[in-house]
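After the C-alpha cells below, expect a handful of questions from me.
Chain nomenclature is as follows: A, B, C, D and E, assigned in order of appearance, with residue numbering initiated at 1 for each chain independently.
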Amino acid sequence: QDMANEMTIVSWGGAYSTSQQNAYHTPYSENTGVTIINDESSAEAVAKLRAMNEAGNVTWDVVDVVAADAIRLCDEGLALEIDADTQLAAAPDGTSASEDFGELLVSDCFIPQIVYSTTFGYRTDLVGDNPPTEICAVFDTETYPGKRSLEKRAINNMEWALLCDGVAKEDVYDVLETPEGQEQALAKLGTIKDDVIWWSAGADTPQLLADGEVVMGSTYNGRLFSVIEEQKQPVAMLWDAQIFDLDGWIIPAGLSPERQARALDYIMFATDTQRLADQAKWISYGPARASSAPLVGQHADLGIDMAPHMPTDPENAKNTFLYNYEFWADYRDDIEAKFQAWLAK
Amino acid sequence: MSDTTQSSPVLAADGRPLKHSLNRALRRQKMRALALILPLLAFVLLTFIVPIGQMLFRSVQNDIVQNTLPQTVIAVQSWDANSGEAPDEAAFAALAADFKTAVENKTHTRVGSRLNYETPGISSLFRKAGRKAKRWDLETDGPFKEQFLDIDEDWGDPAIWRTIQKFSPPVTSGYFLNAADMQLGDDGVEFRPENQQIYITLFKRTLFMSMIIMGSCILLGYPVAWLLANLPSAKANVLLILVLLPFWTSLLVRTSAWKVMLQQQGVINDTLVWLGLVGDDARLVMINNQFGTIVAMTHILLPFMILPMYSVMQTIPPTYLRAAKSLGATNWTAFWRVYFPQSVPGIGAGSILVFILAIGYYITPELVGGTKGVFISNRIAFHISSSLNWGLAAALGTILLAAVLILYWAYDKIVGIDNVKLG
Amino acid sequence: MALTPVTPSSTSFTASTTAAAGAVAGLFIGTSQGNAFLGVIIGALLLAVIAFVALQMRDREKAIRWIILAGFALAGFLMGGLSAGIMGALFGWFFGWFIFWIGETRYRATLVPYLTPGQVLWHYGFRVICGAIFVFLITPILVVLPLSFNAQDFFTFTPEMLRLDPEGYSLKHYRDFFTSQDWQLSFRNSVIIAPIATVISVTLGTLAAIGLSQSHVPGRRAIMAILISPMIVPLIISATGMFFFYSQMGQVLENNLGLSKTFVGYVKVVLAHAVLGIPFVIITVTATLVGFDRSLTRAAANMGAGPVTTFFRVQMPLILPGVISGGLFAFITSFDEVVVVLFVGSARQKTLPWQMFTGLREQISPTILAVATILVVISIALLTTVELLRRRSERLRGISPT
Amino acid sequence: MAASTSDDAFVEFERVQKSYDGEMLVVKDLNLTMPKGEFLTMLGPSGSGKTTCLMMLAGFETATHGDIRLGGISINNIPPHKRGIGMVFQNYALFPHMTIAENLSFPLEVRKLGKSEREEKVKRALDMVEMGAFGGRRPAQLSGGQQQRVALARALVFEPELVLMDEPLGALDKQLREKMQFEITHLAHNLGITVVYVTHDQTEALTMSDRVAVFNDGVIQQLAPPDQLYESPENSFVAQFIGENNTLEGQVKEITNGIAVVQLDDGELIDCKPVNVDKPGERTRVSIRPERVEYNKDRLSEGAHTLKAEVLEFIYMGDIFRTRLRVAGNDEFIIKTRNAPDQVRLQPGQQIEIGWLPEDCRALDA
Amino acid sequence: MAASTSDDAFVEFERVQKSYDGEMLVVKDLNLTMPKGEFLTMLGPSGSGKTTCLMMLAGFETATHGDIRLGGISINNIPPHKRGIGMVFQNYALFPHMTIAENLSFPLEVRKLGKSEREEKVKRALDMVEMGAFGGRRPAQLSGGQQQRVALARALVFEPELVLMDEPLGALDKQLREKMQFEITHLAHNLGITVVYVTHDQTEALTMSDRVAVFNDGVIQQLAPPDQLYESPENSFVAQFIGENNTLEGQVKEITNGIAVVQLDDGELIDCKPVNVDKPGERTRVSIRPERVEYNKDRLSEGAHTLKAEVLEFIYMGDIFRTRLRVAGNDEFIIKTRNAPDQVRLQPGQQIEIGWLPEDCRALDA
C-alpha cells in the first residue's frame, strides 16, 4: 500500500527544521506535488527506527541524523545503503558526488548535508579584558572563574581534555583507545568537574549563557550564531579546536519500492549543490559539498554575509578537530559507560 | 461454626460439598462481575502487559549470535578458551561461511554491535570483515585464518573468540549481570572494574533520593493535609484547588520554572543577594545537583502525598481529640498520641504512591539533576533511545519493576490499594 | 462569631509588636535603598510611634487607617515613583490593619478563651507555615505567569521586567502561540486526543470498577494489580513496549481495513493514553464505590429496572463525582504526557507536551510559558466547575449513607 | 415440584440453605409457607439470617440449596427485576438525586406506563401516606419518618402482591415508630398485600404480625401467632428472647396429668406446665413472665403457688414499676406491676410473698 | 461572682446562652444547679441543645453568654484538659490504635503517674466493669457493650468528680442496654460521683436518674425527679414527651378546692386537677396516663369518674395489652393493661365503661 503522494521527513525541529523546510521541502513540494510531513523526532530516531523495523512497519521516509547515529543505524541494518555516485546528483561542474562529498561520506548509508561544529561561546561581559582565545581556557578556572557548560556525554569532551592535557592532535584517538588514555582524559575533566553544568538539550547552553549562569559553554555553532546575531546577547564565539561533525540524511531500510524510490528522488534533489548552499541562508551550518561553499550567500532575514559564520570558513577552521567516526563506533558504549560512571561518582 | 475442627468439607443438604453448591449459586454473579471487568482487562493485557512482557523478555534474550553465526557457534564450542591462542582454521572457516550468508542478509553488523557491548572493537572488526567477505569464494579462498588476520590482526586475539563463545547460548544472564555492575569474567561472575560500576550506585541513589523526596513530601504535606481536613469543607475545597493547580500545569513547564527559580542567577539567589544575605560571589548552588532534583520532584509529587493523607484525616472523627483532652491530655499529647497514630495509614498511602512515582521519573531529574541528581530511569532511557542496548535497558527495567512490585505488594498489605483517594 | 470577648491589649505590647513588623519591612526597604541597618531602625521606630499614636485614638479607627495608608503611599511615591507608591499603599493598608488587629486583641476573637499566648502564637504560626507551603505549591505558576510576557526569547527576568518597564513586556509569545502552525496543530491534537482517551478510560474503567466492587470476583487482587500496572511501570519501558503493539496493530488496521494512516495514528495515541489513564479512573471510582449504598441498585432492580436502566438512572448519577475526578486525572495524564506519545505517535499526532518538549530542546522560547499560562487559566476554570458540581451533588447525596 | 405446592401457598421456602463462604451455613434448613395476604414477621437476634432470607426472596442472593416458590412457580431463575416484589429497605434507599415524585414514578417508568397514568398513580400513592404535598422535594429535605413513608409508598405504587420490609423502622424514635407501625399494618390489611417484615424489635413483631417466625442461628425456632409465641414459647431460646422472663433452675421430680413437679435448686418444689421435658430426673429451666407474678394477696388466684421473696430494688419506669427480688437464690427475679392508682411501691429490704398460676410457669429445656 | 454560689452547688449554669452561627440561640437561658453526687439526666428531642450543654461544660464549646461554674470556680478560662471532667462519648471514642489497657492508662500517663501505680489503677478500673481479662485487646475486637464498659472505665479511672455521658447507650440493643443502665447507676452511686447524663430515651432517663431535666428548644421545660415528672408534668410538652398520654380537649368550667371541672368538647363534664389553668373559660388539654385508666369495675376506686367508651382495636404487646378506644369523640384513646392471668382481652366493637381518679387527670395548657 502506498500513501497518496506524501512523505514523512524526520528532523530535529526548531530553527534547523525551518531552514530545511525553506531550502528543501518547499521547493521540492512545488516541483513534484509531494506533500511533506515534518516529524520532529530525530532525537528519538535511532530507537524508533529500530522499533519500527522490528515491528515491520516503517512510517518514515527520510530521516535526518548525526553521522554517528547513521553509522549505528547502518550497522544495525536499519538504514538503506546508498551508492553516492549513482544515486546522488553530481556537482554542476560534473564532479561525481562521491568526490564532491569526499571523506565526509563516513558510512554507506549516510548522505551528509551540513557540517557543523561543536564549539564554545562565552559571555563577553564576564571574562573581563582578557577574552579567551583557545580551547584550554575551558580548563582554566583561575583566569575564567564561573561555571561552564559541557555536553553530558563522553564524545568531544574526552578529546578536548586530552588536547589540553598535552596530547598532540593526531595522537588523541590512539591515546583514547587505551584504558590509561581514558583515565587521563577523565582526570583532566576531573579538574573542572565542580565547575561544569552538563547539558543534554541543544537549547541549554544558549539559555545558560543568556542567563549569565555560565561563563562559557559548548554548543553547536549555529546556536551561538543565533544567540549572538539574532538575539543580540553579550556572547562571543571561540573558534578553536572546534569539533567538526556531520549531519545528514538516511533512508530507513524496509520501505516499499515506491516509497524508497520517492525517498531517493527527494535525497537526490535535496543534496545537490545549490540546495545545500541555500540552507545556509537560514542557519549558519556549512554545506557538506565542496562545490556548494562558493555559493553561500546572505542571511535571509538579517541580510548579513553567512560565509564568515560557517564552520568551514577558512578563517574559522584554522585549528579544527576532526571527529573519528570509526573510533567512536567501536568505543562509544565502553567509554560512555566509564564516563557516566565517572560522572555519577 | 460449631464444628470447625472437623477435617472433611462441610456438606450441603444434598450431600455435595457446600463449597460446590456455593460456587454453583454464585456462578452467575461471578460471570456478571467478570463480564464488566473483562473488556478493560483484555484491553490492558493486550495493549500493555503483553508488550511490556515482551520488552522485558529482552533482558535475557540472546539468540542473535546463534542465528547469525550458526556454524561458528558449533565450531567454537570445542575451543579451549584458556589456551591463550585463537582457535584453529576450522573455526575461521565456519566463521567465513557464516559471514558469507550474514553479509548477504546484512546481519553481520548487527551481531557486531551486539558483541561490541561486551568487548569494544568487535563492531569495526565485523564491519571490516564484512566488506571483504562479500567477495570471498568459500571453496577456493582458504585458509581463512590468514584471510581474517589479514583484515585485522585482532582476529587472532583470544578475547574476541572468548566473547563469541560466551555469548553463543540463546539465553544470557549477561544483561542482568551488567545491570548489577557485574560481568561474566573468565572465572565466573565477577564485579566490573571500579571505573565502570554505575548501576548499583544509581539504584542506591534512586532509592535514597526517592526516600528523601518522600520524606520532604511528608513534612510539607502533613501540615497542609491537616489544615485541609480541619477546615470547614467550603474553605478546604478552595485550598484544595491550590493543591491541585500545580498538578495541572505541564511537568515540563514546572521543571523549567524551578530552573528559573533555583539557578545561580535565578530568582531566589537574586533576592538573597539583593537582601544582602548572600554575597554576589557566593550565590547558592541549588540546581543541577541533588537539591534541585529534590525540590522539583517534591513539588511535583506533593499533591500525591497530600490527597491520600487528606482523605484519611477526613475520616478521623474529632471526638478522639476531644476524648483525649477530656482525659487530661494537652494539645500536643492529644495530637501526638491520638491523632497522629491514626493518620499513619494516610502517610503510608501517600508515601508509597510518591515513592513509586519518584522511582520511575526521569524527565525532571534529567533537566534539573545535573550529575548527582539523576536516577536509574535516566539510564534506562539512555539505553533505549541512544545506545540501543535494549537488553540492558530491559534488565534495568525489570529490576526496577521488581522493586516497585514489592513495594506495591507491601502497600496493598498495609493500606489496600483501593483506599487511595485522589480527589 | 466571636468566641472570646476582646479587651484591648496594652499599648506597649502593641507598639513593640508593630515595631518588630516595621523592622522587617524596614529591612526590605532599607536594602533596596542601600542601607539595611538604617532601614531596620527607622522602620521599627516609625511604626512604634504610629502604633502609639493610633491607639490613643482607638475610637476613630477608620479615619486613622486611611491616614496611615495615604501616608505610606505618599512616602513611597516620593521615594520611587508610581510603583513604589503602590507598594507603599499596600504596606500602609497592612500596617493600619495590623495595628488594630493587635491593639484591639482581635486575633483572640475567633479563638477559645483559655489559650495561652504561646498557643495563640502557634495557631497563627502554623497558618503562616501552611501558607508558605501553599506558596511553594504555586511557585512555578507565579514564575511562569510574568515570564510569559517577557519581551525576550529567554526564560529570564530581564532588568526591564524587574523595573516594571513596559518595554520589558510583550504579548508576542501569545501571538506566536495563536499564529504558529505547529502550536495550533499540537493544541488541536491535544484537544482531540485527551478527551477521547479520557472517555475510553472512563468508560472501561468505570465498568471495571463496578465489576471489581462486587462481592464475588475471583482473583480480585491480581486483576487490580494488572489494571494499576500502567501507573507503576517506568514510562520509558511502557513507551517502547507499547510501540511494538501499536505499530503492528496500526499495520493491521491500515492494510486490512483500509483505514487512513492519519486516523490510525490518532487511534494509536488515543488508546495508548487511555491505558495510562486507567489506573486513575480505577482508583478513584473504586474509592467512590466503597461508599456507594448498594441498596439503591437493589431497590431499582426490585422496582423492575434492568441492569442497564439501573446503571444509567441510579448508579451513574450518584458516582458521577468520582467518575469526573478520575476522568480529570486521566485527562491530565494524556494532556501532560510526552514520553509515550513521542514513541507511539507520529508527526500528525504531535501533542502540546511534545511540542513543548521539542521546544525546550531545540529552541527555548517563552511561547511554552504562554501556553502554560493559558492552560492554568483553563484549569482554574475547570477546577472551579468541578468544585461547584461536587457541592451540588453533595447536596443531593445529603442523606445517602456512606 | 410445583405440584407439591399446597393450593393457598403464596410464598414457599422448601429446604432452603444458604452459605456465603462455603464453610458456614447462615440459613440452615428453612421451610416456610405463607398464604396470600398474610403479614409475617421474621424476628431474631442480629446475624441470625433474617436479611439473608429476604435477599434470597428478592433475588439478590442465591440459595445454595433448596427451592423458593412464589405463587407456585420456582423463582430461582427469575432475575430480581422481573420478580415484581416490592421492597422497603432498612435505610429507605430513596434515590437521592430524584425528587419524591420521580422516585415514585421510577418503577412505573420502567414498566412503560403512560405519563398521565403515572402521575395519577404517584399522586394516589403519595396521598395514601399523607405526603401529597412533598412530591417536589428531594429525600434529603425530608425527616426520617417522612422518608420512611415515601419508601413505603414507592414499594407499593406499582401494586406488587408481595412486599418485603427490612427493619424499616430501625432508625426512628419511639413516638414516630409507634405511629408508623400502626400505619403499616393498616395499609397492608386494607390493600390485602402479603408482607414479609424483618425486625429485631420484639414489641414491633408482636404488635404488627399475623404470625412471627423467630430466627436463631439460621433456623426458625418457632413460627406462631404473637400471643401463642409469648405465652407458649416452645423452647428456652424463644422464652428468653421474647419479652422479659424469669428463670429458675431445677430438676423434674415427676410428671402427672400434664403437671410437672420441679424441685428448684434450693429445694423448693413447684408445679409447672411441662413443655420441653419428658421424664423425671431431667434438668429444667422454669420460666415465668414478670407480669404473671402477683404479690398482692387479694389478687392471687386460688391454686396459685407461693414463694417467699425479698425486695432488692424498686425501679420507676413511668407506666410500670419494675421490682427486683431475690427468689429461691436468684437475685435477678423481676416482677412488673402497672403504675395504677392503687398500686403500692415496694421498698428494698421488704419481705413479701409472691405467687403465680401453675399454667403460667413453664418447664423448658435446660 | 463566686460569692453568689450556694454552698452545696457543684455544677452551676448561670444564665447561659449559646449560639453557633450568631443568629439562632441553641441554648436560650440555662440555669441549673447540681449538688455533688447527683445523677442528673438531660432528656429532650433531637436538636434541643443537650449535647451543646455538655460540650460547654467539658470545654469544647464556649458559651456566648453567662457563666458556668464548677465547684464555685468559673471554668470559662480553664482549658478542657485541666477541667478534670470524665467524659463518655456517644460513640465511645476509644482510641483504636491502643489496647484497652493503654486506653485506660492514657489519662494516668498524662498525669505523670508512676508505672506501677498506673497498672494498679487500670486493673482496678477494668475489674470494676468486669473487663479484667480484656486489657490486651484492641477496641475493634470488642462488642459494643464491652466497648461501652471500657469507655466508662476510662472516664472513671482518673477519679474525676464529675462525669459526663452523651447518649452512651444509644447504639445498644434492648437487653444489653438495660443491663448497662443498671451497671452505670450502681457504679455512680457506689463511687459517689456526680453524673450528667444525656439521652433521648425517656425510659432510660426515668430509671436511672435522681433528677431529669427535660429540654426543648434550648430551654429546660421541667427539672424534677422522675416520678414527679411522670406523674405531675408541668406543661403539655412534658406530658406529651414523657410516657404515653391520652389527651382530651375541653374548656374549664370552674375551679374549686383544687378541683377543676372541665367540659369536654362533646359536652361531658369531668373533674380534674388544675395544673396550668387558672380561671374558668380557658381552653385546656386534659391529660390521663393510659395505665391510670381502669375498665374493670371491681377495681375502680370510689369517687372515680366514669365515661362510656367503644373498643376500636386490641393490640397484643406481650407483657401488656394496649387497647385503643373511642372516648368522648377521641379515636386515639389508649388504655394499657397488664397481661395478668385474670385480665380479659377486650374485643373491637365492645362497649365498656372506663374510669379514673380525678387526681390522675390533669388539666394543662392547651
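The rule we apply is simple: a contact is a pair of C-beta atoms (placed from the backbone, for glycine too) under 8 Å apart; a residue touches a chain by one contact, two chains touch by 3 or more.
Everything numeric here is computed off the predicted structure, so don't read it as measured data.
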| item | value |
| --- | --- |
| Number of steps on the shortest touching-chain route linking chain B and chain E | 1 |
| Least step count from chain C to chain D, where 1 means the two chains touch | 1 |
| Maximum centroid distance from chain C, chain identifier (CA atoms) | D |
| Most central chain, Cα average position | C |
| Chain located farthest away, centre of chain E as origin (C-alpha) | A |
| Pair exhibiting more inter-chain C-beta contacts, A-C or B-D | A-C |
| For chain B paired with chain C, centre-to-centre distance based on mean C-alpha positions, whole Å | 29 |
| Computed distance of Cα centres, chain B from chain A, in Å | 32 |
| Whole-Å gap separating chain C and chain E, where each centre is the average of the chain's CA atoms | 52 |
| Junction residues of chain E, two or more chains touched | 59, 79 |
| Residue list for chain A, restricted to those that touch at least two other chains | 43-44, 47, 211 |
| Numbers and ranges of chain B residues touching at least 2 other chains | 26, 29, 265, 331, 384-385, 390 |
| Touching pairs - complete list by chain label | A-B, A-C, B-C, B-D, B-E, C-D, C-E, D-E |
| Chain D-facing residues of chain E, complex | 45-46, 173-174, 200-203, 206-207, 226-227, 230, 242-244, 289-292, 294, 299, 301, 315-320, 322, 336-342, 356-357, 360 |
| Residues on chain C engaged by chain D in the complex (per definition of touch) | 293, 295-296, 298-307, 309-310, 313-314, 317-318, 393, 395-401 |
| Residues of chain B touching chain E in the complex | 317, 319-320, 322-331, 333-334, 337-338, 341-342 |
| Residue ranges of chain E in contact with chain B within the complex | 58-60, 79-87, 89, 91, 93, 95-97, 106-107, 110-111, 154-155, 158 |
| Touching residues (chain side chain E, partner chain C) in the complex | 19-22, 59, 62, 64, 76-79 |
